[in-house]
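Each of the next two complexes has subunit A plus one more chain, namely subunit B in the first and subunit C in the second.
Up next is the complex of A and B:
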């Protein structure tokens, strides 16, 4: 008995490390598992594909496709906006670096909803942009800015920009300036140095940034439900519709699995394409 | 760095300036118009602070703020204690293998986690309340905190721990006197991060809190849904001010701490 108690005491440190794992399994792995389970089960513990069959409709695929397209387009737009800024701060800003970084990250700490509201305020039917255009006389009728895909796109770019800039900045900051000097000493033009040295070295940051932006954008719920005006259904809004309005958990679960699969396939595709690109670069050099 | 050409010298700084404008113009307009004495339109009528007064007096706002603070603080405490214990007490090889589990949080869209948690609570007939909300926010925070704390812990010189043990400290004493102070900067960063993530979060709160628990973002969301109101502008301005102060404070604190360590 005493030995058993001793053995138990010895295991206490190990048990102390367990709560995090248990929490993670119960509140992260189990919920994802249960979605999968709901999507496949019929009352009476029978496996069925009926819920998926019910989703075989063009409009559902259109919604997934539209969300994927929007997320991809948004991620690349954010990338093209973010790269010059990250480059500037990492390479050129010198003593203003801290100040620029502070003002860049500040909107990130501001409540997400405040950012969206600031745009809502501008884009609304009697919002500032419409007011301005009407006064100048460019338009006669107020535009429906706030309930369009463009509004969703714009506000997503705005909200996700810091998530793109930070990984790019972290990667560019680490580049050894001696490499750039060596490149220019060896006769490369600034553009060649950028294309051959700086950009390839920042590629891991590019990948992280694109993923960090694309994944949440794909399932974005708040922005489309405040700015979409209800007609531009996206994956996030449709999932919430299934679960909260239609109360159809099984179809909702099946749709969630389907969209997650679409996202996964897209990410794999991106990865494969980027791999191919790198390989072709290496072959080209030989 | 002799010849940068027109692109490097003029266009790049111009582009950066424009991007900063893009980031700040909406927020500045929001702040300016929160002082506008006009209930419905955007015509400038006159300067007023009455929206601030009415936001300040709004009982619902205070209740939701209180809920948000309780949830955020609980998540911070839970996240930090669990991840520190996990990193310190778990054996290295076990921790390294288990880490893969935590990277998943970033790879799953939040809405999937939200409906998953909701279905889980429904499946086990757990009523949605503030505790389910805390559980949800904690798991979101763990995905950020465990990697940060782990990275910092791996960077630590293992000889500190060994020396402490050799000199007769128990594992708990080593943890309290050696590891915890060394981890402090990482823990401070994580605490702020989790607090902000929880305080900011809307999706998980919307799905996992049930009808009676309303957090501040949910309060704002409901207000925006029912049309723009100057009350939200005033509230947003106050939140903006608050988060700038918190970030500045944090930066000041952090630079001082690091200064001391050097």
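Up next is the complex of A and C:
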């Protein structure tokens, strides 16, 4: 009896994690499974690749390619913008750290859709930006800011920036300042210290940040559908079109699986390249 | 062999003075120890010499050169940090080669010098090991190797052994002494541990809580002839008593209230000691002989009651209460060559001491 009680006590951590695991299974694993099932099934429970065959068209691949390119470009832009901010907050802000981190979370206090509409009004033909530029006299004709890939790109960078700053900040903040002192003590200039010590030590944060931004950006559909003006088809918008407008669940499911595969391959490619780079550096030395 | 000279150096942190008007000369080519309690500013002095901080006022010289405004990366001064501060993303080789590769030394030259310096600290087998796979002592050696490969004029060591256990610490102390005598580099060693300072130093400086330097001298001078009761108490253990000097035809005596009058030797150098001067007497516990019986040949004796006995292994400590209620510490070596009288709690004992072994202090 006592042993039984002991065994039970040992399993308490596992039991506590059950709700979360169940949640993940019901709302993550199961839906993914269902989508995959849809993509392979024909009425009458027959396995088929027809839905995939139907997608063998350049325009679909172009959409996947365009989304990948946009997500990658966006992630790296966000990275270049975020790094100095994260560096400043982690290394230089000292007692203003908490205040600055709080400011970083401020956009989340405003509803996501409200933010996007705000951008829409800023960017539209008669929007604030166009009016300002016209008044100053930089432009004669209002610019087509909204309903463009540029607008999608801009607002995506805006929305995803905090998700890049946070992991970078986390890694930079953990760096022992004595390492930087040791580096300059051993003769390194501030710039040498940065690329030999600070940046390499922040690399895990860079990887996390890039993934955290690239993956959701690839499938983003709210921003493109509200600011893309319907003409710049991306993966997210096409999937929602298949399911919500065309009501073609099978093709939608197949396209979803196909684009997920493309994303996975891209991430693996990035990972392989970064590994190769590190390995080549080690091989070169020995 | 360049001397380090601090001239009227002050340092404030956020308006709080840590060091005030410090003038200190560290002789080149020596093992110099800076000993003081925590908060005495000894690490600040190290950081000023290293270039991590700029003095609020004053100048720092290395040899004839004023280095006050020379940036840290251009000083031929290197530091071994308390927690080593090794680069965790590099292996032993890269850590040790760091300063050379920064300066763009050719890679075969780097290879040769890293091998050589790792052999000197006994780590040649660990050359491609990651830092996380090394023990504390090995990390300490990597930290040393990383700095001496640079052949600095001065090596600063900031409590470098604080994280090691006692046995390893004793071994590293010996290795440091040997390393310094081979390299002939000036070592500045900061510690709050009097044992470490006494062991390694050719010359040592004692700092007090206010950031002033109390005394500079060889370990023996500091231990045997402290200039203040602070130094006497901080370096080793001591008994401090208050008394009044009585100068007579047959030498000097000191009168201690409620205890009596005792013979003391006033050295020529202590001109400030006059008749009726108030003085502090410092007498080390090991310079007192404790006996139950009467012994001839000592200049002075006190009578007291044993209050506590603490066995330390190589010695035994007795706390003895005197007539004036002062507790006196006595250390007796446990050499046990011959059978000795057994001293127990509450025994009445005589404490014998020689007049030459008491140090007279003014503060």
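Basically, the second predicted complex is superposed on the first by the 255 of 286 C-alpha atoms of A that agree within 3 Å, B and C clash if a C-alpha of one lies under 4 Å from a C-alpha of the other, contacts with A are read in each partner's own complex, and residues count from 1 in each chain.
Simple rule for what comes next: contacts are C-beta pairs under 8 Å (C-beta built on N, C-alpha and C of every residue); 3 or more make two chains touch, one makes a residue touch a chain.
Keep in mind the model is a prediction, meaning the values are calculated, not measured.
Of the two partner chains placed by the overlay, only subunit C lies in contact with A:200; subunit B stays clear of it.
Applying the stated contact rule after C-alpha superposition, one finds that A:183 touches subunit C and leaves subunit B untouched.
Residue contacts after overlaying the shared chain place A:30 against subunit B, while subunit C stays out of touching range.
Set against each other, subunit B and subunit C touch different numbers of residues in subunit A, with B touching more.
Once chain A of one complex is fitted onto chain A of the other, the partner contacts of A:192 are limited to subunit C, with no touch recorded for subunit B. Subunit A contributes residues 176, 178-179, 181-189, 192, 196-197, 200-201, 285-286 to its touches with subunit C in the complex.
On the subunit A side of its complex with subunit B, the touching residues are 13-14, 16-21, 23-25, 27-32, 34-35, 38, 81, 84-85, 87-89, 92, 100, 102-107, 109-122, 124, 126-128, 131, 158, 161, 190, 211-212, 215-216, 218-222, 226, 235-236, 239-240, 243-244, 249, 252-253, 256, 260, 263. Within the complex, the subunit C residues that touch subunit A are 50-52, 71-74, 77-79, 81, 83, 85-89, 93, 98-99, 102-103, 107, 128, 146-147, 150.
Within the complex formed with subunit A, the subunit B residues making contact are 3-5, 8, 12-13, 15-16, 19-20, 22-24, 26-27, 29-30, 33, 40-43, 78, 82-83, 85-91, 94-95, 98, 101-102, 104-113, 115-120, 122-123, 135-136, 138-139, 142-143, 146, 171, 196, 199-200, 202-203, 206-207, 216-217, 220-221, 224-225, 228, 232-233, 236, 239-240, 243-244, 246-247, 251.
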